[in-house]
Structure formats: structure tokens, C-alpha cells
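Once you scroll down, you'll see the structures, which are given as C-alpha cells.
Heads up, the next two complexes both have chain A, just with different partners, chain B and then chain C.
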Partner chain A sequence: MDEIFAIAHSLWKRLLAAKVVYFLTLCAIALIGITKMYDVLMIGESRNLMVDTAFMLITVASMLTVISLAFDIPKELQSGIASVLLAKPLGRTHYLIGKLVGISWVAMFIATLISIGFLIIYGVTYGAPSASMIKALILVIFSIIPMASVVLFFSSFLNEAVAATISTIAIWFGYMLFAMNGFTVYDLSVFNMSAEAFYDDNITNMYLLKAAFSAVLTGISMVCFTSFIFNKRDL
Partner chain B sequence: MKYAVRTEDLRKSYKGAIFKRNEVVALDTLNIEVPSGSVFGFLGPNGAGKTTTIRCLMDLIHPSSGRAWVLDTPVGDLNIKEEIGFLPDSPTFGGHLSALEFLGLSAKLLRLPRHEINARVDEVLNIVEMKDYKKAKLGGFSRGMTQRIGIAQAILNRPRLLVLDEPLVGLDPHGRKDLIDIVNKQKERGSSIFFCSHILSDVEKICDYVGILKEGKLLAFGKTGDLTADAGVILTVDSSDQETAQKLIMEAKESKKNAHGDWVLTLDQQVWEKVNSELNLENKDTVKVEKGHKSLENFFFKTVQKEV
Partner chain C sequence: MKKSNIIKVIILLLALGLNVKTLKSLHAEQVVINADRPKISKLPLASFHKFWADIQWMLMIQHMGSIDLTTEQNSKELYSEANTIIDLDPGFYKAYEISSLMLSAKKPQFAINLLKRGQASVHTTNDWRLYSMAGNIRQQEIFFNKGPDNLTKLRESIEFYREALNKPGVISVLEKSFIKSLAQERFESKGDKLLISELQEWFKHLSQSNYMNGEGEHGNSTEGYMSVSEEVKSELLSLIQKIKQEHPNDSKGRAISDKVIKALFKDIHICFRCFHEYHKGDKYCNECSKPVKIFGVCSSPDCAKVIRGHKFCEHCGKHVVKPKRRK
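What follows is the complex of A and B.
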């Protein structure tokens, strides 16, 4: 376990050391905030615009964060960093899990920061957010795990540009096919940029648990599949 | 007998692109046995298969056929990697990490006890003379400094086997001397060292065993002393003893006169033994006998060129 967390921590440290992460997070929160100014244009529906914008930005920010893994792994393989690490008593599967855990932490951290910013802005502007909104946000955050596992899979055998492009397409279509949360989050659509989950009052705790379980299960299945291929390849 | 490294018909080939059926053989049935506690130098021109061998031994690439063992354990065993130090060719490490952080990460991956990590990191930074740069980011390091950090992470676990791929590249003369000292110290500790290098004079100085590889095939393997000793016997015959000189010139593979007019003759070992038994040359005052030694460089070029 120590090895997995050492790899995850190294990735966490590297990504969160980049100032651009905080700048883009602040930009996302600012963008959510300024939707209030479109009240007239939205004919009094700026609240829906804010919710949709927030959900869309949290999803896109998470996606962009996990896509960075498509650059990280091929770069480590090409530069020989992976060879140094894997020459130590670190299994290839542990290396992959470490990367998955690391990128998931970072993406969840950024998604949580934007979510907190959104909830504060929403609370100040329209009053306390509903429980269903918070649950819908948690569902989006859960979707990071299968998203990251898709990127992990493609980056384990493709080069940076190809892995990033195919991963983006796969995630996009994954959302369309509701697969990003193990076929449970049927109402988060990146395609129409709306957050229908927010308007669904029927998100039960059991549903939330099921979604979390599905996300983890999807992640584990993808890691097993990726590990099988990664263990066969030459580094 | 215990072996640090052993391979049995180790072979690695790469298939060509989809429409090209040609197969590139990087390593062709390699058989080597490096005794435990020795320093082994792996030599060969570029593309000979040295790095491929090392990557097979470190389980970074899978051999097409054959088997390999490190420290008498089949390659791929994770636990045995705790006892191996590895420095790859032209290493690069995460530029965002400081030397201290990188060595800390390496120590964790090597499963060193937590309470020992800081002391061990300081110890290796002292050995490679990089203590002053421990908080500097690796991204800003020169090639030589990166190489030193690479050596530091390789000896962090006090390995029983140290595998070094071109460790002398990028080091200045001072750095080369330091590396040779480090290798010697590791040897004194009882470690085995397996390394490849292009700097033959250094290999000759520190290696007990040498292997020469070309186009994936092992051309020579043996003790350094044995490989370089086979230069025959050199006889210097005084100019006054023309009779002996005339007899020996017929048998010599090389003959020339020096500045004093004496004959300098080179004889093969077998020929020497024959003529010495006939003429009792060792007891003649007019004949001076020397055992010939060739440098590893001579041996290397002769071996490689013979194949060409």
C-alpha cells in the first residue's frame, strides 16, 4: 500500500504545484458567479443557468484534470522515469493503481473546490442549496473514478496526443451512454450542458451508494483490464 | 556456486512494422554466468544489445525466449528487487521533485524502514557529494548532477547487486573517479556489480569479468586478466647472438629490430613452449623473456573486428 500512496502522492504534488490549476479553478468559480448578471437575458431563469454552468464546469474541470494522466504516463515511459520506478519492488499494477488514485485525488480536490465555490455563491444569491443539489454534485465527483480509469487504460499503451484525444472522445461518449457512473447516473448530460440531476428530487441515499459502488467497480474492472495489457508490454 | 546474474539462452527479438515481416534480433541466445561478489563489465558497440540485456534482467522487457536469474532468483520476483540497485542509461527523474523528495520516494518504493529513510538519504547524498543541492529541483540539474542523483538512488538500499547502464556518461573526470571509488566501495561491501560502459580503460581497471557483445551475440566472456593475457611472449635477443635470432625469426609471428640492433620477437604461447624446450631460452643471457599483455582496448577491437 505504501508504494501505491507514494506514487499517488508524487502525482498529487506535481499537479497541485502548478499555479495554473488554481487560476483555472478561480476562473470557473468566477464564471459561475457572473451567471447572476444574465437574469434579464434569461427572463428570470438565471438560477437554472448558474446550476447548469456549475455542473458543466465541474465535469469539464474534472475531465481536463484526468486527461493530464494521458500525458503523464506516456511521458514517464518515454523518459525512463517509469523504468527507474519499476526497477524497484513496485509491481506494474501497483504503479497503475498509484496513478489512478493520485489523479482521482487531484480531480476530486479541484471538483470539490469548484463545488464549494458554487454552493457559497448559490447560497448567497438564492438561499441554502437543496439536499438533492448536494447529492447531484457528489454524483459528478464520483464520476471522476471511471473517467480516470478510461484515461489510465488508453495512456498505458498509446502516446500522449493519441491517448488524450481518444480518452476525451471515450469520456464524452461515456457520458452520452451513461457509462461514466456505471450506468447509474442517467441524468448528467455533457452534451446538452445541463444538470438534470439537480431537478430530480428522487436521488435517494441508496441511489448515491449504488452510484459510488458502480463507480468503484468500473474503476477496478478497468484497472484489471489495463494491468493485463500493461504487464504484457515492454517498457 | 552463487551467481549475481545468470542467463540461459536469453533471446529478445522485435517484429517489424505490420507490413514488414523482418524480425530484428536484439539479443541472440545469451549465456552468461557472473559469480556473486564480482564486478562484471559488459562491452560492445552501440546497438549490441547491452541495454536490452539489462532491461531483461530488470524485468522491464520480456525476453522472447530463454531464462534469466538475478541473485539466483528468477527475474520478475518483486522481493528480490529490494536488493538490487539500478541506474538506467541517460536517466531523467521527475523535474518537479527536489533531490531529497526524489530519494525519499525511492526509499519508500524500496520499502526501507521509515525511521531509517532520512539517515540513508543523507548518507547517499554525502557519498555522491550532492548534499548542498538536496533541496534543489531535479529539473534544474546538469547531466552530471542528474547522474550522481541516479547513482544515489541506486545505492540507497545498500544493494547486493548494482546494475549500472552507462554510468560514466555525462561525468567529468572527477565524477568518473568518484564513481569508480563508489563501485570499489560497493565491491568491498560484498556487492556484485553489473555494468556496461564504452570507457574501456575504466572497465579494465575495475572489472573482474568482462563480456563482449556484438549484434546480440556474445563474442567473448571471461576474467579480465585471462582475456588480456593472451598476447604471447616477447623475446629480446641480443645483437651478438645472431644464431639464436635466426632460429627464432622463423617461428615468430612478429619480428623487428630495436634501436640497439637487438631483435624483438613475438611468439605465440604454444610456439614459445616448443622452442623454449628445445633451446632452453630462459637460461640464456642473450635472451630476455617477457610475458605479453594486451590492453582491454586491443582485445575489444580485435574481437569485434574479427567478427566483421
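What follows is the complex of A and C.
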């Protein structure tokens, strides 16, 4: 367990040490605030735009953060850092779990920062946000686990650019597979409740719990599946 | 096979099985939370359908702003744009409202189609404005284009108004449009006189709403007496006056006027010639100059002044004789 947290912590420290992360987070929050100025252009529907932009930016920020893993793992494998790490009494599965936990922490931290910024702006502009809004934001944060596990899978056997591209496509289509063909093994659409947040539909606590459970299950199954491939690799 | 691999396979299968079950349950719950969800477009936009609807909305506003005159061609374009927005976000009220207003002149059927989509959306189904707008568009169509299918359109507008009146927050002025449409329908289908039909429909509508609401949405109701708002009262009085002027010898008109007066104007005094209200102490109607039955004056022939009290006259101190209730 300590090894997993050590790997996760190292990733956390490395990514959050970059000042650009905070600059981009601030840019995202500023963009959300700017949507209020579109009130005339939207014929009074700027609240709609603010909520939708916020959900879009939080999802994109989370996606971009987890995709950084597609550069991190192949780079470590190529530079030999991973080989050094794996030479120690550390299982390959532990290494994968450590990476998944680390990137999930970072993405969740950034998504939470933007969410808090959005909630403050929304509260000041339109009054207190509804419980549905907060729950929908929590769901976006949960979606980071399955997103990260998909990136982990592709980055375990592909090089940086290919892994990042395919992971992006996989995440993008992850929101639509169920709507397109009823696919229910991997589905990110259950985490997208932005319309329900805007219309203040009742997102139940049970839904939230089940979504969290599904996120963890997707993470577990992807780690197991990835470890078979990763264990076969000659490092 | 290694023991650790067997464990991993078991965990993988267990996690997959549980996840499929959880996802199925989440999909079912999603439809309960938002019944519009299955209607959302299948465009490959990840989770950004609603955001894309906003972008399309802004583009449509730009397009509408560039139009000087609505034509068949640009109406078709606007209709397609509005449908795209609604496909992405079926609860987008403004898209229904603004685009149906734009389309109502050249392509009223397009506007009605959009409004019907709004009426079917779970987030806008209780918005009376969508029904009222549809009713108004049909009325406008009937007014400008006299066609053989006018009666069908009229009946459709009646249904839209009826639906609107059943929705929360509806404004009372819509009752007027509803009643006028009902009267128009009787006029078109049976050849009944418009004004008389309108009064008859008002009476029927108010009897129903008073009966259905117990005390009535317009106020208290007692046996044989209906209580309605002042606006409706003045509307009815004006109708009675018009019937008197335009159809003075119509027995149906006289009968319904009497019925309405008995039910609604028991507490006010109306000149039975011109149906204008008169006040305490008036000897002649100030509208038609005909003599009216005096009320609210002291019963003593020596005094006969207008009194405020109910027991004694404040001018001569005599006991006030209560007048018999008018039938």
C-alpha cells in the first residue's frame, strides 16, 4: 500500500508543481465568469451558458489532466525510470494502481478548484446553486476514475502520441456508446447530468452512490485488464 | 496459470458483472430523473450536447437578426435550426418561444410543430405560454387566411387554450381568448349568434370552474350564485349591453342575460334597459336616461335622502326598512 501511495504522491507533486496548472485553472474560472456578459446575445439565457460552459470546462480540464498520464507512463518506460522502480520489490500492478490513484487525485483536485470557482461565480450572479447542481459536479469528479483508467490502459502498451490520441477518442466515445448502441460495460454518460443540474431535476443520493460505485468498478476492471498486458511486456 | 492471475481474472469478471448491473440501473434511473433524456440527439458530442445547443442558439439569434423579411426559404432554415437546438436540449424554452414567433407569419404549421415539441418536453410541459402561443397562432391563421379547414384549426386552438388554462400560473386574460374561440366555433359550425354564444360560453365556463373548485378560483360561491373577478364581471356586463343593442328581440339573448345577471350581479343594481350599473339614490339611469328602481334611500317620504347606515337614517333618525331581495 505504501508503494502505491509513494508513486501516487510523486505524480501529484510533479504535476501540481507546474505553475501552468494554476494559470489554466484560473483561465477556466475566468471563462465561466465571462459568460454572464453574453446575456444580450443569448436573449437572457446567460445562466444556461454559464452552467453549460462550467460543466464543459470541468470535463475538458479533467480529460486533459488524465491524458497527461499517456505521456508520463511511456516516457518513464522509455527513460528507464519505470525499470528502476520495478526492479525494487514493487509489483507491476502496484505501479499501475499508483499511477491511476495519483492522476485521479490531481484531476479531482483541479476539477474541484474549477467547480468551487464556478459555484462562487454562480452564487454571486444567480443566487445559491441547487443541490442538483452540486451533485452533478460531484458526478463529473467521479468520472475522472474511469477516464484515467482508460488512459492507463492505452499508455501501458502504446507510445505517447498514439496513447494520448486513442485515449481521447475512447473518452469522447465513452459518453456516447450507450446512446449509440446500448453498450453497458464502459459508459461515461452516467456521469453527465449537466442538463439535470440546470433544470434542477432531482438527482438522488442513491444515484450518486451507484455512480461512484460504477466509477470504482470501471477502475478496478481496467487495472486488472491492463496488468495482464503490462505484465507481459518486456521492460 | 499463476495464482495471482487467477485472482485477477476473478476480480475482473466480478467487477465487470457488477458494473454492467450498476450501469443498467443507472440508465433506468436517468430516465426517471429526466424523461427527456432519451430524446436527446445522438450526435457524437461527448457530454457537450447542451453546450452545443447554446452555441447553436447564439448562431440562430445572429441569423434571425440578419433577416429583414421572413420568406419561405429563411423560415425553413430557421425551422431546421430550431429543431437542431431542441434535439440537443429539449427543455430550451426560449428556443420554442422565439422561433415559433419568427415562424408564425410565414409557416404557422412549423411554429405549431415546434410548440408541440415543447409541450411534450418534461421541462416545459407545464408552461401555459407554449399552449397559449399555439392557440394564438391558430387564431391568427384563421383571421388572415379564410380556408375550408378553419373549423378544424379553430377547434385545435380551443384545445390549446383549454390545456393552457389547466396549467399553473396561467393569466386570467387567456379565459377571454378561450371563450371567444368557443363562441366562434359555435358561430362557424351551428350559425349561432356570436355575442349570445359568447355569453352562454362564459356562463357555462364559470359554472364549471365554480363547481369544480368548490369555492371557485374566482372567490366564494354560494348556492345559485357565482363569484367572479371584477374584470370578468365588467366583460360580461359589456357583453350583455352589446346583446341588448344588437339583438334586442332575441329570446335566447334575453334569457342568458337574465341568467347571468341573477348569478353574478345580485349585489349590484343594473338598469334593465341598457344594463349599466346605477348607484344609491339614482332615479334615472345615467346611460339611457330611463327611470330605475331607487335603492339606498330613507324610506320616509319626507326625508328620502341617500343613507349610509343599515338600521337608522342618519338624516331623520327613522328606522330603515330593509328592501325585499330582488329575484
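The definition used in the following text is that the second predicted complex is superposed on the first by the 213 of 235 C-alpha atoms of A that agree within 3 Å, B and C clash if a C-alpha of one lies under 4 Å from a C-alpha of the other, contacts with A are read in each partner's own complex, and residues count from 1 in each chain.
In this text, a residue touches a chain if its C-beta (ideal position, glycine included) is under 8 Å from a C-beta of that chain, and two chains touch if they have at least 3 such contacts.
In this text the structure is predicted, and so the values were computed from the model without any measurement.
Enquirer: If we overlay the two complexes on their shared chain A, which of chain B and chain C does A:14 touch? Say first, second, both or neither.
Expert: A:14 contacts chain B only, not chain C.
Enquirer: Looking at A:168, would you say it contacts chain B, chain C, both, or neither? Reply first, second, both or neither.
Expert: neither
Enquirer: Does chain C touch more residues of chain A than chain B does, or is it the other way round?
Expert: On the superposition, C touches more of the residues of chain A.
Enquirer: Determine, under the contact definition given at the top, whether A:224 touches first (chain B), second (chain C), both, or neither.
Expert: The answer is second: A:224 touches chain C but not chain B.
Enquirer: Per the contact definition in the header, classify A:213: touching chain B only (first), chain C only (second), both, or neither.
Expert: A:213 sits against chain C, while chain B stays out of touch.
Enquirer: Identify the partner contact of A:149: answer first if only chain B is touched, second if only chain C is, both if each is, neither if none is.
Expert: neither
Enquirer: First (chain B), second (chain C), both or neither: which does A:62 touch?
Expert: Neither partner.
Enquirer: List the residues on chain A that touch chain B in their complex, please.
Expert: Chain A residues touching chain B: 2-3, 6, 10, 13-14, 17, 79-81, 83-91, 232, 234-235.
Enquirer: Considering the complex alone, what residue numbers of chain B touch chain A?
Expert: Listed in rising order, the residues of chain B that touch chain A are 55, 58-62, 78-79, 81-82, 84, 86, 88-94, 96-97, 101, 105-106, 108-111, 150, 153, 163.
Enquirer: List the residues on chain C that touch chain A in their complex, please.
Expert: 5, 8-9, 11-12, 15-16, 18-20, 22-27, 29-30, 33-34, 36-37, 40, 42, 44-51, 53-54, 57-58, 61, 89, 91-92, 94, 98, 123
Enquirer: Along chain A, where are the residues that touch chain C in the complex?
Expert: Residue list for chain A touching chain C: 38, 41-45, 48-49, 52-53, 55-56, 59, 93, 171-173, 175-176, 178-180, 184-185, 187-196, 198-199, 201-204, 206-207, 210-211, 213-214, 217-218, 220-221, 224-225, 227-228.
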